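Should a chain be cited, it is by its letter among A, B, C and D, assigned in written order, with residues numbered from 1 in that chain.
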């Protein structure tokens, strides 16, 4: 049994923790939260320099050719600091989509740029409220031109390239080119920019066979779900640690609030949820890395339990902080906002619960 | 605002509590639980003598002509002592069905007997596993003869008359007559007998218009749900009181376990659930008594919250008792068994959740 | 069992409704006035007609009404949605009863009519950063200096401090005795030199509370309430009068808002309301809302029969606050990928759900945390024992504080 | 990251599997033997081949294997479903390590090989009616009388007392000193005069535990372990060896059983598995089961790398026990009106769900309540402080007991 990160991966984690402690302290998150920027461009540049954006991209396309286990480690650490950067959009979604379905030409065109931070990527599926289905999508491509509106598009204001799910396929669109108009929309996580993008005949290249568009999208969602889940687990863990730290130092009626069972059992519940979620993420990372048949189950399991763990930990972290917890001045809000953002950014808990049972049914049928 | 039981009703409650303390102590429940009897026949006879079975039956049919508020009081008190008698089957279901849909002749034939305890009634809907629909029922009546199998029928072994839901109507069947064979089935509540009944051409009289059979069944379920809910709330309240009593007297580490937040908050949760359920039962009782248009909503609300409250209180009462709680010797089990029995006897929590939203939709549409 | 007023209640309701119908100012009449001006205008109008502070003694120009009459008035007044209420809540609900119990006639004769007529706005200066749920652990110091007291320290969570004329204040006069015994209670002019007020920004973006700093603030001894060292007893009077909330209070997100949303958005091509997991969740919330509503009706019945509202009313906040949080979160889930978008022109109901989600953590804490509410039910309703108290009987200065 | 054994582990697994394949008795070979005879037969066979009590020292005829080898053996042995395991668990898992730590060579030389070979069955006599979670509050008295000790009192929750040869026993030798200081530890012959054993019937109908009454039972001083008054330290040795459960343990009701049930029963004319509220519930349970499974894999990896299993393994019971209860309850809900029927010929899976529902309350209590498991995680994993202890440092006889 060897169900653990290896020494190199643990070293990478330590390095990432040090790097992020230096370059993404709470003040950095707060600067984006309080300001008008859509992301922390300096931090992003440094992340690129660390090679994190290049992690799983093969060397032939300018990447490091590392495994998804390394990327999982980075995802968790970025989640732990609530990094205000477009890593999930660019790496888990856009890069993944091209790796998964891109032609050699497309890979050559985009992967080196994505690896080197010369381009930021994103993913555009949602066209408004509710759970999207292939049948309901209005966006479509005809004669290589994309028309329709996507809202919200995470990091859409700063992305250079978008992977767009249209009613008739999965497409790659150069957002710096013609036919893509963006308008910033505000989400409850002010530390992450989102946009509405109106496509008016933007040139679009099919990713994979257009008739496989919806199936490819589902596969992409599974792959991204594992990495999102790691980021969520990182945030959940940070929330638990904040809550614990505060509860140990805060006294009421002559003793630390951490000695009251109401708080102790709350933190124990966080620990339990976080641990189960993390263990499911391990399995997700393994399945992603080995491209196992279990991926749909593993992804949904990791995603559902991480979403639940992060929501619980982030809200009960505030609760543990009492009055200070809901002030702007304290950092608890970073995780509460991010928990909700990450949970809807890739489809809700109940969507993933439903995907999980579908995956079990398909696995039983196979 | 006068949303409370009146003085006479409170007097009735006191009287019922005294009567049941004398005649339905835990030993009486235990005697049925441990023995082979399907109910406590002595207790039943005394309940009849108290007039409880006659409560809402009009005086012209030998009843007391009291309101559903009085019956609610009795239901709660019977629930509080987990009485091992067929009250719910005979009064909330059989009597209610005849009151609701019976002809003058049927009322004259059965209500005086049900009031005076000369007959025990029951209700037969289920034909096996899963949520019954009108379309799936196999039992049917042709030329006044009922054929099919009902399982389980609560108190089916001791009932004299059954209200049977057949695929083509709601029927009244004399179980002491020909064509009804009963076999006892054991449920997890050994204090309440259940049976399988095979009908082989048993003479059956339609209750109401046979083409309204399913609609009448739904209305009957709504009416019975309020009374079941009161019985459930009574059991939930008894569970809370047992847990509180034990927690106050049981010491660990030099202080009563009732002084630990894990126990305090558990009991507070029970109190909250019980209080919400009880308040919903008040509304249910009002709607039942006034035959209000709100009855479907009121019934489902009372039923869902009482089912949840009783399950929670009965299981956490055992938990509060620690090791002793799951011994046969202690009485916690009465409520744990009864909670589950009552919750499935009239359809599950999720069936009633679904009915509630349907009722809201219908109320909005009206 | 019915939902009707008694004949007396019905008559009172009729009178109240008639007066309100005739006297509630129209939007036109209030045009150009700011929130505070509107509030003062309306309060003065009520006072002049004898409808202000209904339960107060006749000698202050009030009606000496019953508790249920107060409830009926509140219900009727609440039907007029343009009325600026709430500004006087702390002064009338907490400061006034404290003054009536502890102050001299001279003080009450001066202040109570002004409180009733809305001339003065009061705030409450109890909570401190180190206090939280442990209110009596406050540290703001008072020291005697001639006929005055000198106050130094910091208060927090003070609603309305910035527009208040007066404040009620608990301070520590003696840290060498046990916690509850070394407190002294004052009222003070909020414009006193040395009082500094800073708004606290919440994560919802609102700023409903303030920090209040005291630097050598002087209060005349004549503004002391109760004896030196008796401040905790005086505070109890204030806290007992914290308006007992009947029923569930109002939540920004209700069953009906979620129900409507679930009719509008789709899951797999069908309205979400047809999805049985959505139905199950909505049903549970309906049951909670309905349970709180009818619990409120039962409390009102008790009030109508002369009972005093008790700690059992904590149930409204204990159930309502986390419910709001979970409902808001679920509403955003129903919206799926667009759930996090807060732009009012895009988000349903102008961002109601996102706003409620960000406000909910405060709702679960302000006015008593979920955990304190559960303690209140456990201890004061069910009669379970307190946790062991390590701060009992030892000098305040020796109670461990972790800092 | 993979699920593979190391080469050494793989080799060990191969050897274990080969021996098991050759030596596990067939049903025919065990015909006519009762449960205890089968258990003893199998244990003896393992002992003779060197496969019993793998981790014990070679001097007792064992392999001195590693922790991970023990896990591998357990996995392989568990694949043979007809093996009667469990009878020796307390003796080998708790009594033996205690003897090895605290007893004389004479005692260990006599008893350890018999424990390994299955000749003797042991039970553990710690819990008392007044004890529960507060184990050290035990009251069973021991009094010195010549070379013997005389025991009076009562133990409870003793698994296997009725078929045990020997028992380990903690008693109170001195009630005038604080709780943990007045205990003395023995082992005793369960056939001693004055020992009376009564089975405890559980609400599930099972009787897995006993009450054991002691009336003037005499134990030679040579059967004392540790010094007089040192019983708590000896007990700690026993308790530390309570077999650390890796992963979730086995629950009678699993995701797969509910999934199958939901395929078979209908809701509104369609299989329940198509109902989205059913799917949502099942998904959550799947995630919990899967989370426990992979947490177990991580623990096994740590074990494989030489770590000692710690308190974090409490998670299995804390999550698993209430989950079993809720799943069983939900299964009965899926059956609707027939859910309560327990007749094995009618109820699905011969009444598995009803049986699990009635067994679950015991699962949430025996071996540490949910609340104790949460305390263990809070205190021993997260490092949060204990609750204040009112029984510390005062004579046991003066600790409040409520009776």
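Everything below uses one rule, namely that contacts are C-beta pairs under 8 Å (C-beta built on N, C-alpha and C of every residue); 3 or more make two chains touch, one makes a residue touch a chain.
Here the structure is a predicted model, which means the values were calculated and not measured.
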- Return the chain whose centre of C-alpha atoms lies at maximal distance from the corresponding centre of chain C. D
- Equivalent interface to B-C, which of A-C, B-D or A-D, with over half of contact pairs matching by residue number? A-D
- dist(centroid_CA(chain B), centroid_CA(chain D)) in Å evaluates to 40
- For chain A and chain B, let me know how many angstrom lie between their CA-based centres, rounded off. 51
- Note on the structure: Contacts with two or more other chains occur in chain C at residues 267, 276-280, 371, 374, 387-388, 390
- Note on the structure: Flagged in chain A as touching 2+ other chains are 248, 255-256, 260-263, 265, 350, 353
- Item | Of all residues in chain D, those that touch chain C in their complex | 267, 275-280, 387-388, 390
- Query: Okay, in this complex, where on chain C does chain A touch?
  - Reply: 127, 129-130, 132-134, 137, 156-157, 200-205, 264-269, 272, 277-278, 325, 329, 332-343, 346, 348, 354, 357-358, 361-362, 364-366, 369-371, 374, 387, 389-391, 394, 399-403
- Mind pulling up the chain B residues that touch chain C in the complex? 1-6, 69, 244, 247-248, 255-256, 258-261, 263-265, 267-269, 271-272, 275-277, 279-280, 282-283, 285-286, 289, 300-301, 304-305, 308, 350, 352-354, 356-357, 360-361
- If you look only at chain D, which of its residues touch chain A in the complex? 1-6, 9, 68, 259, 273, 276, 279-280, 282-284, 286-288, 290-295, 297-298, 300-302, 304-305, 312, 315, 318-319, 371, 374-375, 377-379, 381-388
- Item | Partner chain A, residues of chain B touching it in the complex | 260-262, 265
